[in-house]
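For reference, the structure is listed below as structure tokens.
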């Protein structure tokens, strides 16, 4: 494993000094067409967690205790006899309970944002000017590959996921991961529900594997280990995959239903569509990645 | 035109007494496969408006005047020297500046929510229990058809859109609208930018056309006329298409880029993917509908 | 005890058809001067609960579980090297964890708001037009009287507080309650901390006592009993004192420190200042009532 | 005038290394009793601006354009036929449209918060641990003195307020400002309404005057000049009075009604009560300072 971040491969500058899309640039026309060709029956499966809001208000109108979550809602008074009901939502995007995309503007390394913009030029009190999530708002479409690291259950607590683990899963599935593919990883863990146990995590070796295979987007239920893995870069997925390789991360995904579908159909590849909401100037946004079979 | 709502066709009960998905049930396996088959190159086009948040905070840290919009954000203090930037968002879903899906729970007719649930059983102070938007969170996929009502510009102010208008656009495009298709309509209007002019709108005749053609989902830049159309049911799209036909509406869509792509490619049909965020218990949610070619 | 609300005294109309201040009108110049005269050393004691906000955001930046409370805050990013720190607060006023004033616009009885305004004319989706809390924003000043119902501890669980209880406390304190006085009651209970036990509460008999004594404002740690008191009007304090007598209620007060000061000084009367924030158009607002000795 | 901050008097350390109250410590028992003695008739006057919230939500339920303000509210759905109306508020405390108190934790000078605490120890993502506004939640009471700098109108645009200006106003009023007094200044300007003109502001000379007179709290409609005053410390009131003298500032006050009352009564001193809401861990809070005559 690589123990320091500085000798790790970097994509800063690979697509120019002003690029905001990072590894999504690896999705060539060929890769995209390969993704499109996966859509056959049109069956769709969500790779998102179900986020259950809790009430923004408490007291007489609502419970007074709750687990905090990523989304809070308040039902609105729309007027006496109004024909419509509505609500307002407060969303904390970078929360493990909501599946969300980390854009380039989310990460700061040494005072810089990919591919070398001063943090003060990237983000101000009123929002993000460089590397915001809406750069992907036209939709990301490519072939998705599910690598199920523990098809019969789940990874051991604190398991350090390596490139060899990913290779083994690909071999089990009989798939070859190609440049521009989106990598979906299932380890059978839920950071929220299982948060009191040692969480498995991606090693820098696994991130190097992503680099070598040309991964364009990462989604999975395996993130960074907690506690950090001894002898490795702490937070390898965020510090290296996002911070150096500029791979947008879809944090807090839930590939459980996807894995079940893949197993049922005997297909481990699919068309992946990531439809980031078209909201400007944020470091990330909730997403519901859809696998199409 | 039909002048009263009560004699209008209704889908209440068509899919049972407890259904929450409405006309999305019209997307049969055949319709879905027809949609999937439209994906060829994998080119994606968003049908959402770009929503520009304004700062949740004002004063010394931000502008003190602004147009209100659907989304407000505040950049968070993540700690001195923290490697990540983040924000919190306040989202008003049912706002014309953000493209959003109206779920069944949004609409109340005579104290009832589709297909006949008491409003008090559907919505409470803490959220929606029946007909919430997350019933679509596995993804809606079907064939989308763009009917461009004004390919060379935009509809006249206050234009009442009829079934004949839709037929004419379909004929121009050389497409036959089939049961289960999603209908995307472009009229060239923006309710926000053009809000000081008489807005064109759907007539009950057009909604009847949707019923006859088996439309499963509606998205467009044409909603309900403002002011209401004389002699017709006021708010026909919401009162009839959503309220009686149970067609989920994607309000505030922007099909401008889609129309340009369709014209360039000479193709007016495509795979449509609607990936509603997987957030439970709301009357609607922001969406970014993606057309795949 | 009175068992039905309709035969109970009412102040609707007593100060005209358009009044918004209710029983605060009982604070005559004489009553006000009596209050002012209580200020001697200038010692101040708060009658408010301490409300501890929890973070508006969760996830990596904050705890993921918490008791909900009345106030949530998010520290803001004010820019790299900015000289100031700031936050945004989300406040749920009518929550037992924050001491707050209930204004006339908070309460609806038979579709009407005191003193007879249609609810639809009083409140709309954008705020309160009649009976908002800011009608008191010039400050309420009068003599406050503390009646400590349980000087050596606290009331028994579920205790029904009657006029006789109030008389006994006044006799212990050697005070005569006069028209225009603010009544502060201590029973030694905290609705939040003690919420799993039967909460003592005001009976309609006690509310009648308030009427007979000309109470202008009520604050205390005793509210409505939970569960409701058998044989009495449920929610007598809110339904009768606020709803019929138009006495603004300061819910969720904490008179503990006040009681200790009164006992130490041997004084049970003081100048009371209620400084409602000068924010327009709300049904209530957080307040910090101050007793001045 | 003093041109640099470093040679300016400082109160850091004057009340110990862990103090959180700053110049409020100047309110001795004697000063407090002098304040209490000012309460005679009990007439109360607010020194706060009226803040008019705008709707948190927009779209069909509310206006789509508005000036941003310090407070946003949303009326809540409390249930069909519920007896109470309620709302949720979003408050941006440090906003010129709401009268608010700046606590010690609001200001950072050279990475330190008064009286020398590291900024990282004072504030974290979840709130303020040192110098929060609730240190004043027991109430601040002292004698208030109104110095009206422009009794017949308002200061000239961009006027630099000096100690001589304050002396002249005191002489006009026939008052002697004493240690522990609260200083209320009226210049006849409103930073929000008049924001497009050069705003008068406090010079470092005036702040030095505050130091020499032992001012405990400052409130006024004159803050820091905009644009900054040539040749003086920029932002003298915040950088020097708050940052070095540790005088809590009540920003955005409106002493107009107070000045009218003082003139009518021929009295320029009064009992001042500042009842900061009892909410823990914030850099500031909305307040409604009340003058009692």
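Order of writing sets the labels: A, B, C and D. Residues in every chain begin at 1.
FYI, a residue touches a chain if its C-beta (ideal position, glycine included) is under 8 Å from a C-beta of that chain, and two chains touch if they have at least 3 such contacts.
The structure displayed is predicted, hence computed values, not measured ones.
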Partner chains shared by chain B and chain C (touch criterion as defined above): A, D
Chain copies touching (chain A, chain D) - same or different residues, decided at half shared: same
C-alpha-based rotation, chain A on chain C, 0 to 180 degrees, nearest 5: 180
Chain centre separation in whole Å, for chain D relative to chain B (CA means): 48
Averaged-CA centre spacing for the pair chain D and chain A, given as whole angstrom: 45
Centre-to-centre distance between chain D and chain C (centres being mean Cα positions), rounded to whole Å: 26
Residues of chain A engaged with two or more neighbouring chains: 54-57, 60-63, 75-79, 84-86, 88, 90, 92, 94, 119, 123-125
Chain contact topology (line, ring, star, complete or other): complete
Of all residues in chain B, those that touch chain A in their complex: 29, 32-37, 39-46, 48-55, 57, 61-63, 71, 73, 75, 82-94, 98-99, 105-109, 119, 122-128, 134, 137-142, 238-239, 243, 271, 273-284, 286-290, 292
Chain A-facing residues of chain C, complex: 54-70, 76-80, 90, 92, 94-97, 119-120, 123-125, 192, 195
Chain A-touching residues of chain D, taken from the complex the two chains share: 56-57, 60-61, 74-79, 84-86, 88
